[in-house]
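Heads up: the structure comes next, in C-alpha cells.
Order of writing sets the chain letters: A, B, C and D. Residues in each chain are counted from 1.
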Amino acid sequence: MTLGFGVIGAGRIGKLHAENIATRLRDTQLLAIADIDANAAASTASKLRVPTSTDDYRKLLENPQIDAIVICSSTSTHADIIVEAAKAGKHIFCEKPIDYDLSRIDAALKAVEEAGVKLQIGFNRRFDANHRRVKQAIVNGEIGEPHLMHIVSRDPAPPPIEYIKVSGGIFFDMTIHDFDMARFLVGSEVEEIYAAAGVMVDPAIGAAGDVDTAIITLKFANGVIGTIDNSRRAVYGYDQRVEVFGSGGSISTDNRFSNQATIQTTQGVWRDLPLHFFLERYADSFVTEMREFAQAVRSDTIVPVSGPDGRVPVLMAMAAKRSYELNRPVKIKEVEA
Amino acid sequence: MTLGFGVIGAGRIGKLHAENIATRLRDTQLLAIADIDANAAASTASKLRVPTSTDDYRKLLENPQIDAIVICSSTSTHADIIVEAAKAGKHIFCEKPIDYDLSRIDAALKAVEEAGVKLQIGFNRRFDANHRRVKQAIVNGEIGEPHLMHIVSRDPAPPPIEYIKVSGGIFFDMTIHDFDMARFLVGSEVEEIYAAAGVMVDPAIGAAGDVDTAIITLKFANGVIGTIDNSRRAVYGYDQRVEVFGSGGSISTDNRFSNQATIQTTQGVWRDLPLHFFLERYADSFVTEMREFAQAVRSDTIVPVSGPDGRVPVLMAMAAKRSYELNRPVKIKEVEA
Amino acid sequence: MTLGFGVIGAGRIGKLHAENIATRLRDTQLLAIADIDANAAASTASKLRVPTSTDDYRKLLENPQIDAIVICSSTSTHADIIVEAAKAGKHIFCEKPIDYDLSRIDAALKAVEEAGVKLQIGFNRRFDANHRRVKQAIVNGEIGEPHLMHIVSRDPAPPPIEYIKVSGGIFFDMTIHDFDMARFLVGSEVEEIYAAAGVMVDPAIGAAGDVDTAIITLKFANGVIGTIDNSRRAVYGYDQRVEVFGSGGSISTDNRFSNQATIQTTQGVWRDLPLHFFLERYADSFVTEMREFAQAVRSDTIVPVSGPDGRVPVLMAMAAKRSYELNRPVKIKEVEA
Amino acid sequence: MTLGFGVIGAGRIGKLHAENIATRLRDTQLLAIADIDANAAASTASKLRVPTSTDDYRKLLENPQIDAIVICSSTSTHADIIVEAAKAGKHIFCEKPIDYDLSRIDAALKAVEEAGVKLQIGFNRRFDANHRRVKQAIVNGEIGEPHLMHIVSRDPAPPPIEYIKVSGGIFFDMTIHDFDMARFLVGSEVEEIYAAAGVMVDPAIGAAGDVDTAIITLKFANGVIGTIDNSRRAVYGYDQRVEVFGSGGSISTDNRFSNQATIQTTQGVWRDLPLHFFLERYADSFVTEMREFAQAVRSDTIVPVSGPDGRVPVLMAMAAKRSYELNRPVKIKEVEA
C-alpha cells in the first residue's frame, strides 16, 4: 500500500522531511506541500516533483489521498493543526515541541486519542545509531542495572538573538532534546531536577533573559542519577555524546566524523573536527524516524515516539527553569500541578 | 539542464547505480534500464518508476533523450558496449574492469577518443571520504613528500568458487581496486611489482588455480615504495585502511563503523565490528562518483577517473600475476610490451 | 646536598613512599622507618636497606640527619605529628587528609607556619601526566576560558564495610581527591556544592550510613560549573577521566591501559581493561610528588600542594555531605562559619 | 640468593642496565662497572653507589662474587668477551648483535654451550607489554592461525653519518630488531626475504653506502607472509607498531604516548605526539628483560632470548642486504651456506 503524505511548513526542517519522504522512503508518495509563503511551498514542490503546493494547509487535510501529514510549521501552530488533522482523520508526525503550554498540549493529545489516529513526535535523536546502540545495551543488560547517566549536548554556535528571545529559553529550546534522550535511555521517569546555569558564551543571551551554559542533574524514579551538560557554543563543532554507567559496566559514545583519517606531524596527532551541524550529524536519524512512522501507520502498530513522549520533556524544561530561578531541586510534580 | 541516463545491467551494482541516479542526484532522469533478463530490467524499472525497460541495450543507445549510459553488464561485454555507445555519441560510465585483454581495452579507449565522449571508470573507492582525505593531505603537502604507502584491503568472505574460477584471479578481481588506489594516492606510476601470495583461507581456492592471501610490493616512479595487504576473508568484516608516510609526517585511516559506542565490562573494552560489506562501507562513494560523472558531462570538464585510469590497473594485475608465478619482481614494461 | 628522609607508617602507602624515596629519587637517603608495629617497620627497612627502624616515630624527629619526614600513619594521628614535626624543624610530607576536624587542621597549619617548615599534602593525582596536561592546557589558554568541567572518578571495588564505617563517608574518603582536582584544574575556588547520591552498589554501605554513588555539582567563583561523577564500583576497573570545556575548545583524558593492543574477532573490536588499581594507575604520580617535594625543600621554593590545599577539600566534603542531607545547594561559607 | 652483577661498558645502554640492576631489581647487587674510559666507569659507579669501577673488564671476570656480566661494550668486542666470560663461568647478558660475522657468532655460542652458562641476548622489545600481548594472542589462538604480519618500525631521526658508516647498514643496525620481532611473534622461521629500499631521508646516508627507507617482505616456514616497514626518520617520533592477521581475526598495537589527553579546538581534534625515543618507549622492557635474565640464572631455567635467537636475525639481515643488492627474493639458506 502506497502511503500519501502532505508536509506543512517548507522551512529548513520541512524541506528536509519532504526530501526524505520523496526520495528515501519506499511505498510512500509526497502529494502536497503547504506553507504560508506560497512561493516557498511551490519551490520545494517543484524541486521534488510534488504535484501540489498551497499556502493553505487545510487543503492537505481535505485531500482524501493524503493519509499522513507532517507538521513542520512554527511551534505556536502545532497544537491547533494537530487538533484539526486528527479531526480530519489524518495520521500525524509533528515536530517537537508540541507546545510550551500544558493545557494546549493536553487538548491536542486528547483530540488525537479521540480520533484514533497515530501521532509521532519528532525526537529524531532516538533514531541515531549511537543512541540506539546505548538503548540496546541497556535493554539487553549489557551494562547491568544503570546507575549513572551523562549527556553532553553542545551546539556549534548559538542561534540569532532574535530567535533566542522567542525560543522559550535554553531548557525548552535546546535541552528538551536531552530531556527526551534521558527518559528514552534510562527507561524511567525523572522525578526531580536541579539546574545550574550561567551566561558564558555571549552576554547578549543574558540580556535577552536566557542562559547559554548549563548542567542539569536528574533524579529518576528507578534511582538513577544523571547529568546533562549543555553549551550554546562548542567551537569545535556539534558535540553529542552519551555515557551510561551501570552495575555491569558502561557504554559511551563518541561524536561522528566526516572521515576516519589520523594525521601525525611534528605538531601532534590529529584528525578533522566532528560533524559540525545537526543536519549532517543526524541526517540518517531523520530518515529513520519517518520510515518508522510510515511503517507504524501502514501496519497499524504503535509509533516509536508517542504524544505523551512529547509532553513530558516540556514538564522537565519547566522544572529545570524553575530550579535555575530558585536555585534548588524542583520535583516534576511541582510543575505539573 | 536535466541529464538523461540509461543503465545497462540490472544486477547488484546496476540496481545500485539505478537507485542512486533516480533518487540521489539532482537534475538527472533515469529513462531506461536494460538487462538480458527482461524481468530483472522491468522489476527494477518499476520500483524506481523508470519509464522504459528492455532486454536489448541497443534501445538505450538509440534513444535521443539518453545522454549518458552506465555499463553494469558482465565484464566480457564492457569493451564492445563502450565502442557502440561511443559511436552512438553517448557519454559512458563503465564499471571496472574495462576488460582483461589489453588490445580490447585499447580499442575501446580509441573509440571513446574518436567519438569525443566522456568515459568514466567505476573506481568508486577514490570517492570515499577517507581516501579523499588521504589524497588531499598528500596534495596539500600535509605529510611532506611521500616515502612509504601501505594499503590493507581484506574482504569479509571469499566469493563462491564458481565465481573465483572465472574471476581472472585475485589480482584482477580484488587487488585491481588497490592498484587504482595506490596510483591515485601516490600520484605516480608504478614501475615494478613483487607479489608474495598463498592459499590460507580455503584450499578450494587453490584448487581453482587462485590464491587468497597476498602481499604486493610496489615501486613507484617517484621513488615511493608501497605494499598492498590482501585477504579474501577477514572474519571481523570488511577491512579497508590506508597509510601514507612521508618526510613531514603520516596519514592513516581507520575503518568505518555503524556506531561510535564503546562498551566496558569485566571482559574488556569493546565496540561493534566495522561495516561488514562493501555496499555499506562505500555507499556514499557510489553516489559521489555518479554525481561527479554527471557534473563532468554537464559542464564538459574532465572526468575524475579516465579511460587510461581503467587500463593501468589491468597492467599492474598482469605484472603481479607474473611476479607471483616467477617469484621475482616484474616491471610494468615487461607486461605492456 | 643529600636530603635525609624518615617515613612514619609502614602500611601500604608508607611502603610505597619508602620504596620510591630509596630507589627512585636522586640525592636523597631514607634513614629511618617508624611504625607502631615494630616488625612492619623492620621488615620494610630491611628490604630497602634502610639503617634504622623503630616503633616510636619521635626517634625520627630527634634524628638530626633527617631533614624531612613523610607521614603515612592513620589519619587521626596526622595533625598531632605535623605539630610535633614542625616544632622539631622537620619538613613534612603528609598523606591526605590532614584531619576531618577544621580546628585540628588549623592548629597543624599554624604550627607549620610558625616553624617556617615546608608542608606538602599527598594529593598525588595532580602529578599524573594526564591531569598535568589538562592543567597545562588551561593555563596556556589552549581551550580558552573554562566554562564546564566534568570529573569521572570511579573505584574498581568498594573498601571493606569496616573501613567504610570509619572512613568519614564517600565525600571525605573518595571525593576528596576529586575536590582537590577540581580546584587544581579550574584554578578557582568552589563557592557552592550540590550533591545527589544514592546506594546502588551495596546495601551494606547504606546500612553503614554511607552512599556509594554520587553526582556532585560545583559552582566556582570564576563562573565555571562542574560535576564529579563517583561510584564505588566500576566493574571494568579504575575509571579516572576529566573533561574541561571552554570558550576555545575542550580537553578530555582517557584512562591508562597496560597495553595498546586492539583485537578484532567475529565478536567485536576490543582491548584489555584499563589499569585496575590506583597503585598502578598513579604509580608515576607518587614518584613525581615526592621528587618535587624533595626539590622544594632543597631549593627552598614553594611546595606544589600546600597546607591550605589540604584544608579546602575538607570544607568541600562538609558542604557536599550537608547538601546531600538537606537536598539543596550548600555554600562553602555555610560550613566554614 | 643475592645475585652479583658486573656491567661492561658505561655508554648509554650500559648506564641504563646498570641503573636498572641497581635500583629496579630485587635480590641483585651491582658490584662492578668496567669501561675502557676509566672515568666513565667511575662516574656511573659513584652515582649508583657501586663499590668497584675499572678500565679492565677482565677484573670483573676474575671477581668470584660476580655471577653474571652484562656486555654493553662496542659490538666488535661482544664475541670475544662472551668467550672469555663463558670460560670464567659467568652467566652472560649480551647486547645485540652478537657480531656481524657468522663464524665469530658460532664460536661464541660454542663457548657458551661448553661452559654451560646462560646467555641472553638484548632483544628488549620482546618484553614490551604491547608485543607481549600480540604474542600472547597468537599463542592463545585469539586470532586463529596467523596469515599476515606487518611491522612498522621507524626511528625519530637517523644516527650521525659517522655512525651509519660503521653500523653495518640499516638491515643489521635497525631492522635486526624487527627480524627478531617477526620470528618471535609468528613463532616460525623465515625462509625467504625480499627487500625494497631507497634513500629518501638524507642523501648523505646514500653517499655512505646505506639506505634509509625500506620495505622487507618475509616468507615464513609456516606459510605466513609478512612485511617490515622501516624509516630512519619519522618526524612525529618513534613509531613502533605491529599487526598480525589470522584466520580468526587480527591484533594490532598503537604507539605509546606520554598522556591520554585529547584536545578539540577550531583547528581539529588532536593529542600530543607518541613517545619520541626508544629509551622512553621501551623503558619498562629493559627492566623486564634483566629481571627475567636474573630469574633464569637464579632458578636455572632457560633464558627468554637465547644465543641462537641472536644468530638468526644476523642471517636475516644478510639475506635482506643481498636481496636489495640483487633485487630478487633471497633464501636464508643462500646466505647461511
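The rule is simple: contacts are C-beta pairs under 8 Å (C-beta built on N, C-alpha and C of every residue); 3 or more make two chains touch, one makes a residue touch a chain.
Small disclaimer: the values here were computed from a predicted structure and weren't measured.
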{"item": "Least step count from chain A to chain C, where 1 means the two chains touch", "value": "1"}
{"item": "Of all other chains, the one whose Cα centre sits farthest from chain B", "value": "C"}
{"item": "Distance between the centres, which are taken as Cα means, of chain C and chain B, whole angstrom", "value": "58"}
{"item": "Distance between chain centroids, defined by C-alpha means - chain B, chain D (Å)", "value": "43"}
{"item": "Intercentroid distance (Cα basis), chain D paired with chain C, Å", "value": "39"}
{"item": "Contacts with two or more other chains, residues of chain C listed in rising order", "value": "234-236, 248-250, 264-266, 272"}
{"item": "Contacting residues of chain C [partner chain B, same complex]", "value": "234-237, 264-274"}
{"item": "Contact set on chain D toward chain C in their complex", "value": "23-24, 129-130, 132-134, 137, 142-143, 248-256, 258-266, 272"}
{"item": "Chain A partner contacts - residues on chain C that touch it in the complex", "value": "144-145, 147-148, 150, 154, 194, 196-198, 200-201, 213-215, 217, 219, 223, 225-227, 229, 231, 233-236, 239, 245, 247-250, 327-329"}
